[in-house]
Amino acid sequence: MKKIGVLTSGGDAPGMNAAIRAVVRQGISLGMEVYGIRRGFEGLLDGDLEEMKFHSVGDVLQRGGTILRTARSKRFLEDEWIDHGARMLNTFGIEGIVVIGGEGSYRGGYELSQKGITVMGVPGTIDNDLGYTDFSIGFDTAVNTILGLISNIRDTSSSHERTTIIEVMGRHCGDLALYAGLSGGADVIMIPEIELDINEVCRKVLKGQRSGKAHSIIIKAEGVSMDTAELARLLEEMTAREARAVVPGYIQRGGSPTEYDRRLASMTGAKAVQLLYDDTPSRAIGVQEGQIISVDLGEAIKMTREFKKDIYDLTEVLA
Amino acid sequence: MKKIGVLTSGGDAPGMNAAIRAVVRQGISLGMEVYGIRRGFEGLLDGDLEEMKFHSVGDVLQRGGTILRTARSKRFLEDEWIDHGARMLNTFGIEGIVVIGGEGSYRGGYELSQKGITVMGVPGTIDNDLGYTDFSIGFDTAVNTILGLISNIRDTSSSHERTTIIEVMGRHCGDLALYAGLSGGADVIMIPEIELDINEVCRKVLKGQRSGKAHSIIIKAEGVSMDTAELARLLEEMTAREARAVVPGYIQRGGSPTEYDRRLASMTGAKAVQLLYDDTPSRAIGVQEGQIISVDLGEAIKMTREFKKDIYDLTEVLA
Amino acid sequence: MKKIGVLTSGGDAPGMNAAIRAVVRQGISLGMEVYGIRRGFEGLLDGDLEEMKFHSVGDVLQRGGTILRTARSKRFLEDEWIDHGARMLNTFGIEGIVVIGGEGSYRGGYELSQKGITVMGVPGTIDNDLGYTDFSIGFDTAVNTILGLISNIRDTSSSHERTTIIEVMGRHCGDLALYAGLSGGADVIMIPEIELDINEVCRKVLKGQRSGKAHSIIIKAEGVSMDTAELARLLEEMTAREARAVVPGYIQRGGSPTEYDRRLASMTGAKAVQLLYDDTPSRAIGVQEGQIISVDLGEAIKMTREFKKDIYDLTEVLA
Amino acid sequence: MKKIGVLTSGGDAPGMNAAIRAVVRQGISLGMEVYGIRRGFEGLLDGDLEEMKFHSVGDVLQRGGTILRTARSKRFLEDEWIDHGARMLNTFGIEGIVVIGGEGSYRGGYELSQKGITVMGVPGTIDNDLGYTDFSIGFDTAVNTILGLISNIRDTSSSHERTTIIEVMGRHCGDLALYAGLSGGADVIMIPEIELDINEVCRKVLKGQRSGKAHSIIIKAEGVSMDTAELARLLEEMTAREARAVVPGYIQRGGSPTEYDRRLASMTGAKAVQLLYDDTPSRAIGVQEGQIISVDLGEAIKMTREFKKDIYDLTEVLA
């Protein structure tokens, strides 16, 4: 393969730029031409792509977001548009592309692979919800960002002897809440994988209170259905302490990537290009047991995430 | 004066601990006994106070929040409870106290000063809404925290070519939004002092968009009455770009204080104690034109904040 | 086992407090008494230890350094003192201890285990030089701290079009330099595992310069023997650019631990206690292929670290 | 005036980019053409300049360093080269320039002003050593950076119960050490303005030690002549504690500018352009008593800095 493309799609994640850099520079070092496709599949459909050189990715390693921009493409859900995307790549003589993104992007990539394009998936999503890989680019940064927010919240929460509920991202996968909860010392962790009863939450807060804790931190994934206002109301009633909620939202998406995310991005991005160079059929790159691995792209999108019960159990002991 | 007290009251602010440290250590160096009163006026009413030593304030300079805890006291709005507070201080032989807080705390302090207690006000509020002082402890930290949040938001906002509205604290005073807007390069600044029409906001965003900006940042003080959802809806309609809102809330209150806030806290805290030592009647300490000053406490609570029109005008030129 | 001890020894590392917290709380949850031993083996010899409660480790998860303090003990290199240490533990009825530290601490722990004390090693060292574990507590934080320093250096280095040599910690193991070099985009990485000739370094810098880079960053582990002043002199001569050196030193040791280090500390600390509870003979806890594992303590101290050649090779492609 | 230039010169400082942005955008808003001159006076002599547009300074507000690059020019110390510089500006029809820098840059600017060019000085130097202005762009960022470094050092210093000497920048002016010392809680502050005897330093450390401090931090400006190794040796001998030194060097120069530095840069940069627009003769812009002011350029370079004795005295009380 001599000409390849790279795009970022769906929600942005810190480290995507490090992955783009790895794709471009690994590609060039293997003698390939690398095209940057802007705005994900939307830009592909519009023919918005351009060759990238070694220096196109200078000074981007440390930047959050994505220099190629990103989008969610509604058109790309339709078969005729996917055909159009494949034809666009043919027009440019591009045989394979690297798709950096999460679940939806992988599905788009898989559809495109059915049209004769080789597609390599590189996992970029702060939610960490891809089933076939232990970690995704952006997760480590986001969870460290959340720890920083918890640290700020803790100052004011303990000064006022308050309970604070922090709602973090994660619709289907509670990893952000789980890891930030373990490492941030949260009193209660509320995730979609283990739905707590509102009274259980209340009992956990009371237990901490009785054991002398001057304030409580509850971390809740957005995918948890319980109503936050209702929870706060009940907590104020049962614990005789103020309860407040904070929703950091998009703050969790940005920031300079951590070392781990830059490394994971560099290694998975380079691996994706190596596989394209070797004319390997479409695959999803990831990390399992500390090693960079790849699995068949079609298989990857079917795999569901295993819940880290050991981590959850540990939080119950340590909090 | 040989025995003094110190308390923090109202919303906590980064640097309050640096102020407590200055009060304690300056007091001890002048041969006075210094009592820490917990939970603001609430703790005073309950007699929750204790002598502090040089080491009671070791390792607190860099910590957000307040080691003395804080509260808003409803009881202290009633005259008989204020009497009770004064009697409590008499019981301990405390003739003067330092009150670290914002508007409400100053009013409580003033009432107490009418009962024969000397009260020195030290300005601690991230809102920067005290009229007699150019800056309050916590403001510089909060505005730098907001700059960090804007930086995160910018990554994701530009990746998606989106408009993001960030709602920051500030009910009556727009300084947090104004300073963060100037220094964060916001496209639109919405503050209580200059209420913009919804169409004006829209025109400013469109102007930036026409001049080639790939995304827009709007910073809005919580005291601005315009409905955010309505604004976002209109922006999406008129600019053909997604619009999102972020409300960082209590995240703005925490964090390790900046150098400026630690210095302001150290200097105003020390000054308050010096004034007590000199048996000066109740005053409010602050900073004007770069100098530590003090004004009569009763006068201080009547002064209203002057709007920084020059800064606002500069943002119009530079954004 | 009903009574256990915990100490930190050797150079401090961010996350040690998270490990102490896990040991104490896991121990208490299993019904054991946990003693904190101050100043490592020095404190053990002096009988400087005290029972720790659930709340002794409140609010420490996020703090760098070690609340138990640490030291390098010369006495503990002598057999009679090791005997004394074992007797001291017997006096308190402590049958097993958790030693949090690096190579030297593990050797001390092993000697103690030969005197009838069960010793569990928890890896705490920013150098990441323990052979049996992929990562040690503190390494992730230190490498992220170094990335922050590189970011600062890059600002001034590029403004002046300069070459800057950053000397980081790592006497025998170049991991700090290697990982920070990969993820910080260093032009040259100098580590003990792959000693470069001074002319090779020069050629790499010239190559970057020819390809248009306005400045160069060289990251060098302290274990590399080449003289930095000599290198700077040669670089200035051959590249017609200023060359400067920066040695961050102890700055690399501090800081609030990252999520990874807190998690690794929590999991290894808890595991160590579980093994003591189960009366397992002395072992070293660590992480291999993403899993918490343990190996015989005597074996652990004999294992040598494998060099990550794949990462080094990748830096050559991406820089 | 219709055509102006802007350059950065000497050591870089965080916030210089914010100043460049203000100059460019204020200039354009007043209908002027603004030329960016690269590499300070060196670039001027080489004719390395180019017109800047509104978007040339997009996304630079938050970046450390200087996008125009900087240099120290030896040629510009000679009269014939200064003539050459003036002629170069005449060739481009540029009548006035803004020089962003410190002492040496101001002297170069003044010489140039004697050749018929209007020169406005904008203070950019982390050392804060310009006599006519209370603060310079970059100082607030650098002092906050140093506070961060002290925080890291404190973790390891207290864990080992050690004395650590931190040597910060400041050849003639000790402000970085003084402000960081006050706000970082240093036990001893060593600055060129108040040279301490080696025994005095030792006595201060012993005093802290006797009062129960587990470790000591000494902050020393580079302009202080005392030998650090000698000091460390004496301290180890007299205090029975380890003493270590850390020299952060260029780390102090970088980093994203704080809010204050961005604001000061925006206001002084805009003011400089306004003065050029009004055809005011050469002046130096600065801040006095919280207000943006300007003084005659020739006068500015003669003024010497007043020492902040009140701050120094306060550190003696609070440490």
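The letters A, B, C and D name the chains in turn, as written, and every chain counts its residues from 1.
Simple rule for what comes next: a residue touches a chain if its C-beta (ideal position, glycine included) is under 8 Å from a C-beta of that chain, and two chains touch if they have at least 3 such contacts.
Predicted model only: the values in this text are computed from it and were never measured.
When every chain is reduced to the mean of its CA atoms, the largest separation from chain B belongs to C. Centre-to-centre, using mean CA coordinates, chain A is 35 Å away from chain B. Taking the mean of the C-alpha atoms as each chain's centre, chain A and chain C sit 28 Å apart. Touching of two or more other chains is recorded for residues 151 of chain B. This structure has the following touching chain pairs: A-B, A-C, B-D, C-D. Residues 8, 11-12, 14, 16, 39, 63-66, 69-71, 145, 149, 151-161, 164, 214, 244-255 of chain A are the ones that touch chain B when the two sit in their complex. Against chain C, the residues of chain A that register as touching in their complex are 18, 21-22, 25-26, 29, 54-55, 58, 61-62, 134, 140, 143-144, 147, 151, 179-180, 182-185, 211-213, 256, 258-260, 262-263, 266-267, 270, 288-291, 311, 314, 317-318.
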